[in-house]
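Input: structures, listed below.
Here come two complexes built around subunit A, the first alongside subunit B, the second alongside subunit C.
Take a look at the complex of A and B:
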């Protein structure tokens, strides 16, 4: 019950914060659309710009519950924000889940090998993973283009469908985006280091000693007990990846919700930006809720504490 | 590991030195344009060569520190002050005061950091100072949570109970015994992480364009973007800022790791 209350309270708070930022801003959204005083006044009333942040939050949430996130102002004037955001969100969600899977599988896999040992692999992961997402995407795209061009000139391959067409969606570009997002900006090294620490903690536990003394296989115990901390790690990482999506979609020209948010912010389309922020905050809260549920399921001691 | 800390410290010292130089010596990005020396390779006159407008890459690399060192330090100080106040009070008093502060920062952390920075830039303008403020606000929940956890843990420790029994003022126990003695390494670690995060955000925004530092003012991010797609250009015009970003972020990470090990030693 408590995690559910926390989910809704945090979501309401996040929307209130976004509305507060808009309310505190000098000028308002009507300034960028109309210059006729009468039209301006009509727009101010229609968009509820004369209301307090709390009123705006409640009205926004009331509409959001009915599936209405408002109307786009400048990105695609008159279009429903829900209609714009939902398809783009589904596309971006694939990238996010893919990146999460890549960093979790790689980070935990390597942690099983390196935990408690001196390993050069740890330092190599750190050196490679601290490279910012935009730089990694830029470098990999440039190298890929250069190599493909060289192979085309040497007549080893014919021109691939995606070559020199940055806006064209392709499987290769999607894989590259997932890989870069899952590794860059310290994503991999953070998951790897945290997994190593958790693994060492679990390996020192008495129940692992007991399992070892009985000659039982300890790997299932390690995995089961790693599940709780990993879920927390994954839910925290999901928020970070949501930010990373904006960068990767802009650099690799992927048409997702991140690129849409960037464009909405540039064009000052605040209903659209607010709609995307609502979806992002809901995803972050949902990831935390899922993390809580998994942790309580895995560790019965937490249930007793509650 | 000491080598890592030394390397991290050396890299950050170089950045601070470059920042000091660019504060003392004025650089005019417009008058530096000279097409006759466009895309020149490194030489004694131009240590890292020139970009495709003939501007000196090494000089622009140094001047670009203006766009992130000052605002980055301000972001670190702001976030530290905010987090120390909120985290220490929440951990010390607990109860509804603690829950209230924690709820406030949970709400901030519900909006992904980069989304919050982008919203602030769009609403209030995309100056490096606004980016710094937004980064500080977006990062502070992590710092508050760490400080809160540590203060709440030590709140019932024997040395705190003994100090209270000896009549030491609660303000001194909180500010000196708990925050300074037990949290200073933690706070410094977070400040370094925030500094590298700010560099990441500033260079990313400047690289993509539309927000951040705009040409002709140099930023390591827009220096890379400016040379993107230039055929037969000077490769160092792209490599130098890219290596600089990577090196500073790695330097911060190495220092953070070293401080963590010192703390646990």
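Take a look at the complex of A and C:
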């Protein structure tokens, strides 16, 4: 019951906060469209821009419960927000899950090798991962474009289908976005360090000593006990990745919810911004809920507490 | 990793993903994809350019920017200049095969005038009292007051009446994603990457040279020229001055200069002290070295008033304000200011201003910072702020909450500056008032004699220059970049694609 209450409280809180921020921001959707005061006034009335943030939040939630997220005002005037947000969410979710997978597999994999040892790999990860997502994306895109172009100029290769980034959608662009999101802004180093600490803690525990004394393989025990902390880390990281999505989608021109949210805020398209916030908040809550379920499943002590 | 390894890495990726490049389409870049395709709700230049591809007006511009019939075959203006009878060209069809008739023209005018439509373009038909279809080919327009060259105002785009239920057109109507026009291109698809594909209209009244056009959204203006060099784009609407040299030296790119009716200015808020004092405005104008501000952002012509130099209304007898700190100081002293340790001050208050500029305008940051430096060197304390589009319109357009602003105005060929300088002008954000200018602008708008209009506006130029409601800066030289496989290129300075049907692709 408690997780469900927390789920809905987070959703409502996120919507209200987004609504309040949009309301506080100078200018509104009618300012974007209308150059004439009379037209502006008519649009303010028609779009309910004269209502308070609380009124707007309640109206939005009332419609959202019925599955109606409203219609876009300025980004794609008249288009259904659900119709805009759903395909974009699927694209962004792909990037997000991919980035999470890259972070986890790479971070945990390297942690197995480096935990409790001196390693140059740790230093390399720290240096590489500390680079902000936007810089990493720009640098990789520019380097890839310039190298490929010089190879094309030298007639070593013919023009690749993906060329030039970020102009058109391609498998390479998706991979690059996932990689940058999964590594940059300390994503990889955070998971790597946390995995190392957990591994060292688990390796020092008595049940691992016992398993080792019996001559059993300790790796399955390590993985099973690592699952709980990693799930918490991954579900928390999902919220950070949502922030990174805005940047990566802008730089690499991916038409996902991150780029759409940026445009919605810029154009003061509050139904669209709220629709995206609603989906993003639901996603973060769902990730936390899933994390809780996994932790309870793998840790008998948590089950006993309940 | 050495160079060889890096090249091999790139080679591997390139080869594994090799594919064909676009061959028959002209791809052009926009910073922002149009949100809506409906000429009744145009709010951005990218939308205006799309309208030019898909729709026709009754009249259009010829290469000399004079009115020439588009959908109209012939017309006759009544002797009292209060009405006009027009005949449409025969055998014109909408892109869905429906014949075009005068019903569509009447519908368009009525829909734009309908207050429930909330059309952002309603101002374009305000002067038309009524439109009446006399037959399927002939219609009569009646005006609110005598119109001497109504054809100059009849270039708004015509939409098909059969695509709408009533003259109350909504922004959200399906038409926005399924537009049907009579223009040289027809809409094919809105693509998931925000690009738009258009194919040539085979029923267009002229032959259209380029089979396909693709509008690609490239938010980062800095990357647009790169994509042109990489042959991922065939056209750039406007090249940034810093990219000119690199594009000029590329054998696959041709630069096309075109003269826009746009000029830059810094405007004062005349409702705020001390900018309501002509001597303070004159002093600030003489503190600015316009040539030095222009140099880092490109080439162009420094202006002395509200018209571009090629305009017939530009008064060449009025010289631009020269940078003269000594003269500026004199004006300030006459206004009661004196030089103190913190700069110019009066009654213990330092001369301070906030300079506002739109965030989205290219080069605005560089100009504002240089302008700030120039004014500060002359003893004026300046803070700067950059506003996004919504904040700009709310603060500057709606609330007129500013001291001094940097911006630019763009005009169609009518170059009607009444909105900017008439005391009742909707875009007179600085609240400039001068009865003589009001009279000159009113008379110029109603004048039937082109020579008289020219002389009236030249005089308005002179008076406005002397009042310094703005520091007039420059008109920039604009260049479009096109791949050399595009030939017979002619560019409209405002709508860009007006002559696109004549373009050819090798």
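The rule we apply is simple: the second predicted complex is superposed on the first by the 265 of 306 C-alpha atoms of A that agree within 3 Å, B and C clash if a C-alpha of one lies under 4 Å from a C-alpha of the other, contacts with A are read in each partner's own complex, and residues count from 1 in each chain.
In the analysis below, contacts are C-beta pairs under 8 Å (C-beta built on N, C-alpha and C of every residue); 3 or more make two chains touch, one makes a residue touch a chain.
Just so you know, these numbers come straight off a predicted model, no measurement behind them.
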Checklist entry - Which of the two partners, first being subunit B and second being subunit C, lies in contact with A:287: first, second, both, or neither? => result neither
Item to check | subunit B versus subunit C as contact partner of A:159, first or second or both or neither | outcome: second
Checklist entry - Who does A:149 touch here: subunit B (first), subunit C (second), both, or neither? => result second
Next on the checklist: Looking at A:43, would you say it contacts subunit B, subunit C, both, or neither? Reply first, second, both or neither.
Outcome noted: second
Item to check | First, second, both or neither for A:186, with subunit B first and subunit C second | outcome: first
Checklist entry - Just subunit B (first), just subunit C (second), both, or neither: which does A:25 touch? => result both
Next on the checklist: Quick one: is A:172 in contact with subunit B, with subunit C, with both, or with neither? Answer first, second, both or neither.
Outcome noted: second
Checklist entry - Between subunit B (first) and subunit C (second), which does A:268 come into contact with in this model arrangement: first, second, both, or neither? => result both
Next on the checklist: If we overlay the two complexes on their shared chain A, which of subunit B and subunit C does A:78 touch? Say first, second, both or neither.
Outcome noted: second
Next on the checklist: Going by the contact definition given at the top, which residues of subunit A touch subunit B in one complex and subunit C in the other?
Outcome noted: 25-26, 250-251, 266, 268
Checklist outcome for this item: Within their complex, subunit A touches subunit B through residues 6, 9-11, 13-14, 16-18, 21-22, 25-26, 126-127, 130-135, 138-139, 142, 185-186, 189, 239-240, 242-244, 246-247, 250-251, 261-262, 265-266, 268, 270, 273, 276-277, 280-281, 284-285
Checklist outcome for this item: Counting only contacts in the complex, subunit A reaches subunit C at residues 25-29, 31-37, 39-40, 42-43, 46, 71, 74-79, 87, 144-145, 147-149, 151-152, 156-164, 166-172, 250-251, 253, 255, 266-268
Item to check | subunit A-touching residues of subunit C, taken from the complex the two chains share | outcome: 6-7, 9-11, 13-15, 17-21, 35-36, 41, 43, 115, 118, 120, 122-123, 170-173, 176-177, 192-194, 216-220, 223, 226-227, 230-233, 387-395, 397-398, 426-427
Item to check | Footprint of subunit A on subunit B - complex, ascending | outcome: 103-104, 106-115, 118-124, 200, 203-204, 207-208, 210-211, 221, 224, 228, 242, 245-246, 249-250, 253
